[in-house]
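There are structures below to look over.
Two complexes, one shared chain (chain A), two partners (chain B, chain C).
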Partner chain A sequence: MRVLYTSLKYLAVVLWSTFVIAPFLWAVSTSFKDFQSVTNGATYIPWVDFEPNLEGWRALWKSPAQGGVDIVEPFFNSVFVTASGSLISIILGTLAAYALSRFTFKAGFIRNGDITFFFISQRIMPPVVLAIPFFIMLGKFSLLDTLAGLIIVYIVLLMPIAVWIMVDFFNKVPVEIDETALIDGCNPLQAFYKVVLPNSIPGIIVAGMFCMIFGWTDFFFSFILTFTEVQLLPVAIVALNSSITPWWSLSAAALVSVAPLVLVAFIVERYLSKGNLSGALK
Partner chain B sequence: MSLIASNLSFKPGNEWHLDNVSFEMSKGQIYTILGRTLAGKTTLLKTLAGLISPDQGTLTLDDGDFGSIPVWKREVAMVYQQFINYPHLSVYENVAFPLKQRRMQSDQIKTRVMKALQQVGLDGFENRKIQALSGGQQQRVALARSLVKEASVILLDEPLVNLDYKLREQLREEFRNIFSSEASKDSILIYSSTDPVEAMQLGGQILVMDEGRILQQGTSKEVYENPNCTKVAQITNDPAMNLFEGRVEDGRIILSSEIELELPQHCKGLATGSYIFGMRAAGITLNQKGFPFSVELSEISGSETFLHIRHEMIGVVGLLDSVQNFNTGEVVSVQFDTMQLYVFDQNEQLVSSPYRGLE
Partner chain C sequence: MNFKHKYLFLLPGLLVLLAILIFPIGFTVRLSLSSWDSFYPALDFIGIENYVRLFTDDARFWEAFGRLSLLSVTTVFLQYVIGFGLALIVWKEIAFQRFFRVLFLIPMMTTPVIMTVIWRTFFHESLGPVNDILSHFNLAPLWLSSETLSKFTVMIVEVWQWTPFMFLLLLAGLLSLPKEPFLAASIDGAGPIRTFVYVTFPLMAPISIGAIIIRLIEASKIMDTVYVLTSGGPGTATETSSFYIFIKGLREFQFGYSAALSLTYLIIMIISFTIIAKILVKLMVRGN
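Then we have the complex of A and B:
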């Protein structure tokens, strides 16, 4: 019985891993193919099923005039917009979350919990509901099809995530740490940045990761709010899907778009598992 | 130097956390605030620290207004019952933190930090991370941080409650030595506790608190010997003092149809009437010539046995100075040592104590 249970467990793990990894392997394999290899039936293993080449990858750097797909500018646009939007969201969101966690706000029937819910309620609405007002407002301020406009929209979209995560994190940080800092001579602002903030790095990293994932993978708003001047990576990749789709370049571009998130995940993983607050309150 | 609190009151909701609290404290003394959970001890300490603004009342230190000074400028230090330290800093940096906030010179900081660490027995641990320390060591770091400030008022909020028994005993002894050292002579030490044994061992003055009020203030001996009401009698004893109702008639104490006691010498002169009688567990012992009580529970604690027994409406706890086993429902013969009898009136105020006789 035990052998059967173990076998089923491993089978489930293998199936799930295959399900997760298969699309990546498929994309990696396709990115080294050419027109012939893609159109001549299903081929999987390089050098056995098909002869690999770097055309798909080289095309990423070439302009359309040279027969390439040029995703360099969209890539850096995405990096700039996502990084700026996430950073500003984290800064504002952390400050807002600290205030919501530590101070009591009352305005009529509205309390701290209602304000926190107000932030996250913007993520509950279908994106299309937000798209129209965003479009009109950015148009009014001549920010349509600009990086600045996208950054503002991303701040609005990402800050609720940061507030939500950080409120929960700060609620778990004992308020006695803040009080001890005050007693030890810090004013409230110093208590925040000298004591609370350094001990909130795991929470900030989690919030930052979520902001980056949401920002980096957004297609809808970047598609609606940009036209010709500015293009972000998800839109540029989808734009490759035309009547003659260069699947090899599209796969390479898709892998490039995934790479930053994987890299960030590897870098911050150790901070996430560290649990820096373990010595604050035993 | 004296710290004077006058009519401090704090009522954040429907319940008083501080109800007209007044006291005067002098430097170089240890004051223990003794009370049950939710008695208002922590609220009082936080009010003294400046973390809570009372609804009314004043606080003065050396005749100067202490209550209006913001917490970060007050001459106070505080140790919490949780081991609160700064996890991102080393032991040295933790202890040095309040001095760095005062912008002291680094050589002065070093001298004072090393002295404080030596006082709490943590010299050699300067570079350790907080997470690498045991619970007792973490609490020593917190204590060192409170000592290094050389604050006028040092607040200790049940600092030993989260430690295991052995460590608590050891640290309690060390605390007493630290507090009685020269370094603490210029400070007012205020220690809160739920444990009457701890309060008595620390010595000094005791303030007994309940429901936000100070019920009694005095030396530990005074409070122990003459608790001014039934609540103080219960709070200052572990197990709580046994209380049972009865009448005084014809020079005898009548507790039930079967239990009558001779009026002890210190109660002679009590007027006929109903009273609440109090007796510590140690005053209730087993004796063949005693009264029949049935055992409800027996608890062995170290080399002693706490016996929970009942006779009609009278439920008491006796303390036997040996380890004994009893069955639930077993009938035992119990004697009351009336020389240890306290008498309270119907308003629960002390009428007579073995140490002072009739009030």
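Then we have the complex of A and C:
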């Protein structure tokens, strides 16, 4: 019985791991192929099944005129938009979450819970509902096809996540911390800045990671709201997915774009194992 | 605790969000009462004509909605079962525990559209590895161009992408559970199955409900994956609500009509989530 249970457990883990890794292995293998080894049916192992070459990887640094895919600029655009959007969302979200966790707000029938729900409920909004009005609104302010326009949209996308995680986090930070600081002669702003904030670093890091994940992986808004001047990484890569797809450079580009956030998985796991995440996620 | 500057904390975020959102929402309501399209791009007033058309003469919208319900409920159910199973396995002692925890998290860190581009080559009907392996058994399923199978392919990709999110929330929940109930169960001589049914599952009910709702909300927006994988095809076999609205609004430029579709869809979503949340609470917390 015990043996059966253990072998079933490992079987499940191995099967799922294979499923998780399969597309990555396929992409790594494909990125070293050329036209021949892609179009003659599926091949897997370099040197055995096909002769590997670096064309797919070299194409990443070439301009489109030379037959390259040039993802360097889209990469840095993506970094800039994700980082700015996340930073603004975290700052505004953390302040609002602190207020909602510590102070009482009342306006008519609206209470703290309703305000928190308003923030979080923005995640229910399907992107496609906002796309058309954003398109027209950004057009009015000449912000279509600019980084600034995208950052504005990303704030709507990311602030709800920051507020959601930080409200729960602050609810678990004991109020005594604030009160001690107040008794020691801090005003509430100083108490927040000098005492509460340093104690909230784990929560802020978790919120930051989630903002980064949802910002970096968004496709729809940059797809709708930018055209030629500004291109983010996912849009640049999906654009390669045309009728005559260069599978090798496509795979190489995909791996480059996916790599940075895979590192986040390691950080998330560290937090998880130390037990810091359970408090911040519930 | 209270003090007079409390609005300094709340208002910046709240006002920014309101400022960015008020126009789009108000404008969508107004737009839905107009016939704005590419031939006549102006904000005229046609009353509820768009809504009448939507409820009486648009089977495609309701089919897309049915398909979306099927896709999201099925995938979220699978994600929950698999994610809970994996979380239970790596919660306890297992060889390479931390390695597997990291590995199981990785798919949610990847950009859905980009991985979908890879999946498209993976399921390519003549050049992909899946059909290459299946060809040894004389099988050549049409992963992307068969009406039934293409739905299944979308589901595989969705389950791969988002099971990790379920796994993360559930594992974080498991790690935060108190020890005492488990001690009591083992003193009473309960085996692993009984412990799960009477202790773990009830203790995890609130976290499970939260995780399922969050995933359903995200799954109801499926569209990137569909756009890249099948473009809604073959025909309309994988077209979801979001994708249909996208086609009406940003491909056919029927702005007025698509605004009406958007609002109807949004309201249906809010009502469904409220009902689903109530049902889940009834189903899962009954034991306690």
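Here is the rule we go by: the second predicted complex is superposed on the first by the 263 of 282 C-alpha atoms of A that agree within 3 Å, B and C clash if a C-alpha of one lies under 4 Å from a C-alpha of the other, contacts with A are read in each partner's own complex, and residues count from 1 in each chain.
Just so we're on the same page, contacts are C-beta pairs under 8 Å (C-beta built on N, C-alpha and C of every residue); 3 or more make two chains touch, one makes a residue touch a chain.
Computed from a predicted model, the values in this text were never measured in an experiment.
Engineer: With the two complexes superposed on chain A, say which partner A:Phe75 touches: chain B (first), chain C (second), both, or neither.
Structural biologist: neither
Engineer: Using the superposition described at the top, determine whether chain B or chain C touches more residues of chain A.
Structural biologist: C
Engineer: Could you say whether A:Ala42 touches chain B, chain C, both of them, or neither, answering first, second, both or neither?
Structural biologist: So A:Ala42 only meets chain C here.
Engineer: Under the stated touch criterion, which partner chain does A:Trp16 make contact with: chain B (first), chain C (second), both, or neither?
Structural biologist: In the superposition, A:Trp16 contacts chain C only.
Engineer: Per the contact definition in the header, classify A:Trp248: touching chain B only (first), chain C only (second), both, or neither.
Structural biologist: In the superposition, A:Trp248 contacts neither chain B nor chain C.
Engineer: Does the superposition put A:Phe220 against chain B (first), chain C (second), both, or neither?
Structural biologist: In the superposition, A:Phe220 touches chain C alone.
Engineer: In the superposed arrangement, which partner chain does A:Glu179 touch: chain B (first), chain C (second), both, or neither?
Structural biologist: both
Engineer: Could you look at A:Tyr154 and tell me whether it touches chain B, chain C, both or neither (first, second, both, neither)?
Structural biologist: Touch status of A:Tyr154: no partner.
Engineer: Would you sort A:Phe169 into first (chain B), second (chain C), both or neither based on which partner it touches?
Structural biologist: Neither chain B nor chain C is touched by A:Phe169.
Engineer: Chain A residues touched by both chain B and chain C?
Structural biologist: After superposing on chain A, chain A residues 179, 277-279, 281-282 contact both chain B and chain C.
Engineer: In the complex of these two chains, what residues of chain B are touching chain A?
Structural biologist: Spelled out, the residues of chain B in touch with chain A are 46, 49-51, 70-74, 76-78, 80, 82-88, 97-98, 101-102, 129-131, 133, 135, 138, 145, 149, 162.
Engineer: Quick check on the complex: what are the chain A residues that touch chain B?
Structural biologist: So the residues of chain A touching chain B come out as 174, 176-177, 179-187, 190, 195, 198-199, 276-282.
Engineer: Taking the touch rule as given, give the residues of chain C at its contact with chain A in the complex, in rising order.
Structural biologist: So the residues of chain C touching chain A come out as 1-3, 5-10, 12-14, 16-17, 20-21, 23-25, 27-28, 31, 82, 85-86, 89-90, 94, 98, 100-115, 117-122, 126-129, 131-132, 160, 168-169, 171-173, 175-176, 192, 207, 210, 217-218, 220-221, 223-224, 228, 241-243, 245-246, 249-250, 255, 258-259, 262-263, 265-266, 269-270, 273.
Engineer: Can you list the chain A residues touching chain C in their complex?
Structural biologist: Going by the criterion above, the answer is residues 5, 9, 12-13, 16-17, 19-23, 26-27, 30, 38-39, 41-42, 44, 92-93, 95-96, 98-100, 102-105, 115, 119, 122-137, 152-153, 155-156, 159, 163, 175, 178-179, 188-189, 192, 213, 216-217, 219-220, 224, 233-234, 237-238, 240-241, 245, 247, 250-251, 254, 257-258, 261-262, 264-266, 268-269, 272-273, 275, 277-279, 281-282.
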